[in-house]
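Next up is a structure, given as structure tokens.
Labels run A, B, C, D, E, F, G and H following the written order; every chain starts at residue 1.
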Amino acid sequence: MSDALDLGYARVDLGREARQGLPEIVYGPGKQVSEISGIVTTLLGRNTGPVLVTRVDPDAAAAVLGGVPGGRYDRDARLLVWRAARPIGHTVAVVTAGTADGPVAAEAAAVAAALGLRTTLIRDVGVAGLHRVLAAVEDLRAADSVIVIAGMEGALASVVGGLVETPVIAVPTSTGYGAALEGVTALLAMLTSCAAGITVVNIDSGFAAALAAFRLTRGPK
Amino acid sequence: MSDALDLGYARVDLGREARQGLPEIVYGPGKQVSEISGIVTTLLGRNTGPVLVTRVDPDAAAAVLGGVPGGRYDRDARLLVWRAARPIGHTVAVVTAGTADGPVAAEAAAVAAALGLRTTLIRDVGVAGLHRVLAAVEDLRAADSVIVIAGMEGALASVVGGLVETPVIAVPTSTGYGAALEGVTALLAMLTSCAAGITVVNIDSGFAAALAAFRLTRGPK
Amino acid sequence: MSDALDLGYARVDLGREARQGLPEIVYGPGKQVSEISGIVTTLLGRNTGPVLVTRVDPDAAAAVLGGVPGGRYDRDARLLVWRAARPIGHTVAVVTAGTADGPVAAEAAAVAAALGLRTTLIRDVGVAGLHRVLAAVEDLRAADSVIVIAGMEGALASVVGGLVETPVIAVPTSTGYGAALEGVTALLAMLTSCAAGITVVNIDSGFAAALAAFRLTRGPK
Amino acid sequence: MSDALDLGYARVDLGREARQGLPEIVYGPGKQVSEISGIVTTLLGRNTGPVLVTRVDPDAAAAVLGGVPGGRYDRDARLLVWRAARPIGHTVAVVTAGTADGPVAAEAAAVAAALGLRTTLIRDVGVAGLHRVLAAVEDLRAADSVIVIAGMEGALASVVGGLVETPVIAVPTSTGYGAALEGVTALLAMLTSCAAGITVVNIDSGFAAALAAFRLTRGPK
Amino acid sequence: MSDALDLGYARVDLGREARQGLPEIVYGPGKQVSEISGIVTTLLGRNTGPVLVTRVDPDAAAAVLGGVPGGRYDRDARLLVWRAARPIGHTVAVVTAGTADGPVAAEAAAVAAALGLRTTLIRDVGVAGLHRVLAAVEDLRAADSVIVIAGMEGALASVVGGLVETPVIAVPTSTGYGAALEGVTALLAMLTSCAAGITVVNIDSGFAAALAAFRLTRGPK
Amino acid sequence: MSDALDLGYARVDLGREARQGLPEIVYGPGKQVSEISGIVTTLLGRNTGPVLVTRVDPDAAAAVLGGVPGGRYDRDARLLVWRAARPIGHTVAVVTAGTADGPVAAEAAAVAAALGLRTTLIRDVGVAGLHRVLAAVEDLRAADSVIVIAGMEGALASVVGGLVETPVIAVPTSTGYGAALEGVTALLAMLTSCAAGITVVNIDSGFAAALAAFRLTRGPK
Amino acid sequence: MSDALDLGYARVDLGREARQGLPEIVYGPGKQVSEISGIVTTLLGRNTGPVLVTRVDPDAAAAVLGGVPGGRYDRDARLLVWRAARPIGHTVAVVTAGTADGPVAAEAAAVAAALGLRTTLIRDVGVAGLHRVLAAVEDLRAADSVIVIAGMEGALASVVGGLVETPVIAVPTSTGYGAALEGVTALLAMLTSCAAGITVVNIDSGFAAALAAFRLTRGPK
Amino acid sequence: MSDALDLGYARVDLGREARQGLPEIVYGPGKQVSEISGIVTTLLGRNTGPVLVTRVDPDAAAAVLGGVPGGRYDRDARLLVWRAARPIGHTVAVVTAGTADGPVAAEAAAVAAALGLRTTLIRDVGVAGLHRVLAAVEDLRAADSVIVIAGMEGALASVVGGLVETPVIAVPTSTGYGAALEGVTALLAMLTSCAAGITVVNIDSGFAAALAAFRLTRGPK
């Protein structure tokens, strides 16, 4: 059980890289700059793969990068990355219903890219103007998997799920107001999609969708 | 205020026909056969338009018809009708996402027809097979208004709402299980539809949708 | 499928005007001034009808108007309009239960007016003082359709629905506290109204109500 | 502390009559005929006022009356009463929105009557036909207090609350379907009524409303 | 119907004083100082009884009092009062479970006092230290009615309801965190109280409780 | 890892007795008589302590006892027990608010007894008649721990929590209707109790409460 | 758009096989035997792959098989299959937390098998006896993907998600009572799992999980 | 009933120390510095045991300590303590799933310590890396009781509950987003844990958990 290191403020799971093919990914909120720096330094030293910190604001990112060089910050995705993985040869299409879903898509795409996936971004193809998603069918079918990101009623997931045969990972977003219930409506709608075999992750979690896409590239062989 | 008649078991709103262009419509559940018969007889005698009783099971319907002749029972719609209205010249398209939405569609269509609307029924065009609804676009656009009936995630309302410019009345149904939450998910999804200007009625209420369509034919002229 | 233009930050639905009789309406929140300006410029150039941006605060409105002249800003409605439509000949009455429902009414009325509807505003006629709404019956019945805006328990929708025979579009508002549940109570109440044929849109969405009213003026002829 | 008697299956609160002016009222469901009979016998012997058992079905009622004579069963109200109180001189008006609210009204009226209140029953005056409740204003104002019973959106409570100045006790009922949420919608609507000073009791509890009305007749003098 | 005056920003219900024994009470939030002043001036001129504005912050209160002299501001209750009523001879006890319920109690007591009720304030007698409420039994029983104010699990309402025979009006408060759900837990608990005949008003609404207590003093005689 | 035995229809956790001081307890619903018999036989053979099956109806119980002799069935608690434990010397008081809470109390008491705890049953001491629980204070304080079982608003837990200093385990029950929400109200109320240090288990789970009480008797010594 | 066939009672999506690699799968509930037979016959005649009907009870299954020979019925899975697919070379492990999750697991495994996946069933390894799931780690890691089926708190999904690197599809079940909320608790818990990259499908939907696993085998090659 | 002292702003429960072995603990939020100081001074003077104030921010803490010397402030726990108790000889292990659960753990540990319990802190052992909690089994089993603190899906409580035989008190935290529902998901999950005999307290209430642990040390002897 030597593969966990207790830094006092965190117990770093050093064995995750061996167990799951990538190191523990650090969730930024609620952690001090010094704590993030310490965890990242530990992971860089004890592991060999990519090191990621999610949901970091620009100031904290600059401070961390000042102390732990070699990383790169993606402002749209709020993501810090060191040692991004080499491309794996799996393309994931990231599709959004509206412009307000942009930040979640940015996180999904940036995390996926840092883990070695090729990503195609298809923006703003909500079903109220159906020709937009129909125009993108070729791109959707060319991908190995699809991440669908939508708020409000989340209908895009059902439409895309019916157009492609590859894995579809739906991400509800907190876009919308009133009956949108901070994303709960889109979440419930995606879970009850009439398009068979769609899977769903937590509200606004571009991160979880990217990780789910990464799992698609792993296997027992 | 002489336009309400107290039968003891019910206070019949005799003035509604004058006020709103059609008599009070009787909600069957919880009423005895004798009570339904009494109310219907009153409305037939004191009003001149159509008289409807909704959600009546076959046995009760037969018993009522035995005592109050001249009516007709629609088993799929669970509807009793006397003096159906003459056609008004407004066509409403009733569209469903799946076969399980059939009973709600039957009620919507039968009530609409009894009130004088022409109805077109377009069944089983859920968005998981998008070509089905696209094949129906001509019929949808030819109608004066559209009633969209869908359970589960209710995405059909958004797709239809984006394809036509006429009024769209969405009816969520309690079809589905688990996260469908007895129709609440479809209800919330339709209320947050990205297709602008869609309106929504209560879960499983084909009746309310038909009445809303009927209101479209009324006006101050 | 040439009727969608990808601006990078948005994919503008240029065909909506042809398809639905009015261009895509821009939702302001979450968009930069430059993005709003770009979308508006595109719509003004590629379409011929009214162009609207909703929920814009005064500063952003001034900045956009500085770069895209010819528009007008309605501060109460938080609405930007270019090329308002000529009157269609349909009057919609906008009725509110209380003064706190004012901003939603302002949005409904301003959007409806920009799309060519005549609007009558009837304010502050909540049912606790029933004579107020009874005094307005003539005006309500003279309109082609009615938008009822109410928070708290939303009872005004049921009362109005029983007084007129024309289409009634109910807008629940987030007015009230505690058990008002941010508008959910009014929403549920309106959906279960005892006044038959009322339809409902999302909480606080004066915009959706106006669009639904606009659909009433469209048809297959 | 001698005023509680432990019968094994129940601990009878003998002091409640002295403390609150009426004995403990027995809730029927879940109790055996023998247990009901035992509790009633105890209360009849150790107290002097009325003894009531609520929500008893006809068979159980007959069996209890067989063993504990002197009582009376009201089938509509599902209520057993021994030693009904003499009239107090307080009139409560029991008003319902629809016929489906009948059983709750029957319980409210029968319990109130058994405790000595005069009751006036005003049925089926839902707000969709406003003239019905307006026609009843004189009767409503003549009462010392009003119990308003309504399901669905419960709007009758707000309308009555604005018409009378006496205490109004609102009882939401589980009438309706879909978004009526088994009475929760009416409950929330009544709690957020725009008519000031209305109070609310639990869903379907005609019993609680009658008890609240009874409390109006008590006081410190 | 001449008893409503349209000020443009509000339609003042001038007849409420005649109809219900007290003028419309103004809800402060969302109204400008000039609007409050205008409504108050109207009510002072056209009615003869007390005029109240609730939930006013100190700055707005000072500004209103500057323009409409003769009023008094209660900072704890956030209440403005002109022409407070003369005592009616009805005592209401206002009881709280904890110190955090203080502001709601202040509003209840101040509104009740302005309407002519005598009020007794019994603070901080939550049931975790039962001797505190037991020590107050005499005071509770001496009152004509009781307002119980409690957050968290709201158990005080059940205990008080079992100790007195007079009307009990329970006010749930948004005190507490987590499973307290902003007062919803206390609300539900009070509605299902095992103490028969308790009535409930909206969360945090000391105002509604005071109005309900005021109704206790009105009657058809 | 040899301490789990796969019977095909179940994987019996044979090591739980060593790990936690008592064998796995079998949950009856959804299991065939033959499956229950097989699991019980396995546990009796491979373990040495008490073997329990919960929520068994009388017919199934008789059938199981026919095949696996030596057990005893408690009809009120719906519990099957073989090899009940010898007394441990810890007394748990099981207190209920009303007679409807009886079945949950029976399960709690019977499971606790089968595990070696002494149990005292104090029934029907709801807080609407406070003297009943006050009369039981001596018994409550004499126990090593208290299980409080209440539905509706669950206020008894707060009152008992303030009267004793020992561990209090609160069990919400699904007793009540309407706003009781099948026990959710009591659950939330108990979790937000003003009596500090109360703990809560799942709705209607007399079983969980008994197990929690059993844990009180275990320790590292 | 010739790939949809309208049978009157259903519009069969004949193109789904070409579009998504397998024909439409028929949902049994609410369909007559004759309707199921008609749809199956159509799919068998117009497509070449497997034909499945889910959630069929034994009597209906026998009747359908009588009319449409060549199929096979799996009673545990409630599944009818014609022309099961040949093995694809992808192994999915189906893991359950408890015996009550058995029916959902049976459906997942049977649907997956009918579509050509190899399935390994690992039963009853809930986390309260952690050694059970640890003993299964080799089998879990040997699979190409894992379906985790659990009710109550659904913790098994998090534990398995941390042990394997392959895709994990979590299925919440409606097992449990009270706070389990018919599977909603397990659903929410799985969506917020601390194990990154887990995906979730609807409550009790072994079918959806199998389809999601089938999608893993498809791709753009 | 002389054991309650009314300070005007609070009624201090002086008898709680005698009744429950420790004085009333002061909840800081919503109280003025002068009020906190007054209550603390009263408790220090009239009781002899520890005096605690929870959820105090640093500025208020400094101000109170300035006026009431002898206390100590724990910034992580936001706790003020005077006269901390001498060790009782009971060890409680405080275990957290992630670093974000730190503040709740700090409160639990500091309150427990101030009441005389020995505390062991085991941080950041979430079940996604199961070896971390397995490495801590010895420490967990060595404790007399365990407080498990976790947000998101709260699975750690089930895992720990299966590993130890001592009392387990689970504290759900509001850690996480989206479907975590501010801690409600973890709360529900812990209540439905498959590990028998776990108990639960309110969301984020390290305080309640510590008090529950303190009760474990009390008894009738």
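The definition used in the following text is that a contact is a pair of C-beta atoms (placed from the backbone, for glycine too) under 8 Å apart; a residue touches a chain by one contact, two chains touch by 3 or more.
In UniProt terms, the chains line up like this: A, B, C, D, E, F, G, H = Nickel pincer cofactor biosynthesis protein LarB.
Owing to the predicted nature of the structure, the values given are computational and were not obtained by experimental measurement.
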Pick out whichever of the two, G-H or F-G, is joined by more C-beta pairs in contact. G-H
What whole-number Å value describes the gap between the mean CA coordinates of subunit B and subunit D? 36
Any idea how many Å lie between the Cα centroids of subunit C and subunit D? 44
Rounded to the nearest whole Å, what is the centre-to-centre distance of subunit F and subunit H, using the mean of the C-alpha atoms as each centre? 26
Could you state the distance in Å from the CA-based centre of subunit A to that of subunit D? 57
Scan subunit C for residues touching two or more other chains and write them down. 128-129, 134, 162-163, 178-180, 184, 187, 191-192, 196, 202
So, with touch as defined above, which chain pairs make the list? A-B, A-C, A-G, A-H, B-C, B-D, B-G, C-D, C-E, D-E, D-F, E-F, E-H, F-G, F-H, G-H
Across the complex, what residues on subunit H touch subunit G? 97-98, 126-130, 134, 152-155, 158-159, 161-163, 176, 178-181, 184-186, 188-196
Spell out the part of subunit C that touches subunit A in their complex, as residue ranges. 1, 3-4, 6, 9-11, 13, 15-16, 24, 27, 29-31, 35, 172, 174, 182-184, 187, 202-205
Contact set on subunit G toward subunit A in their complex: 19-21, 25, 91, 141-144, 162-169, 187, 191-192, 196-202, 207-208, 210-216, 218-220
Using the touch rule from the top, collect the residues of subunit D that touch subunit B in their complex. 99-100, 102, 123-125, 128-129, 131-132, 134-135, 177-180
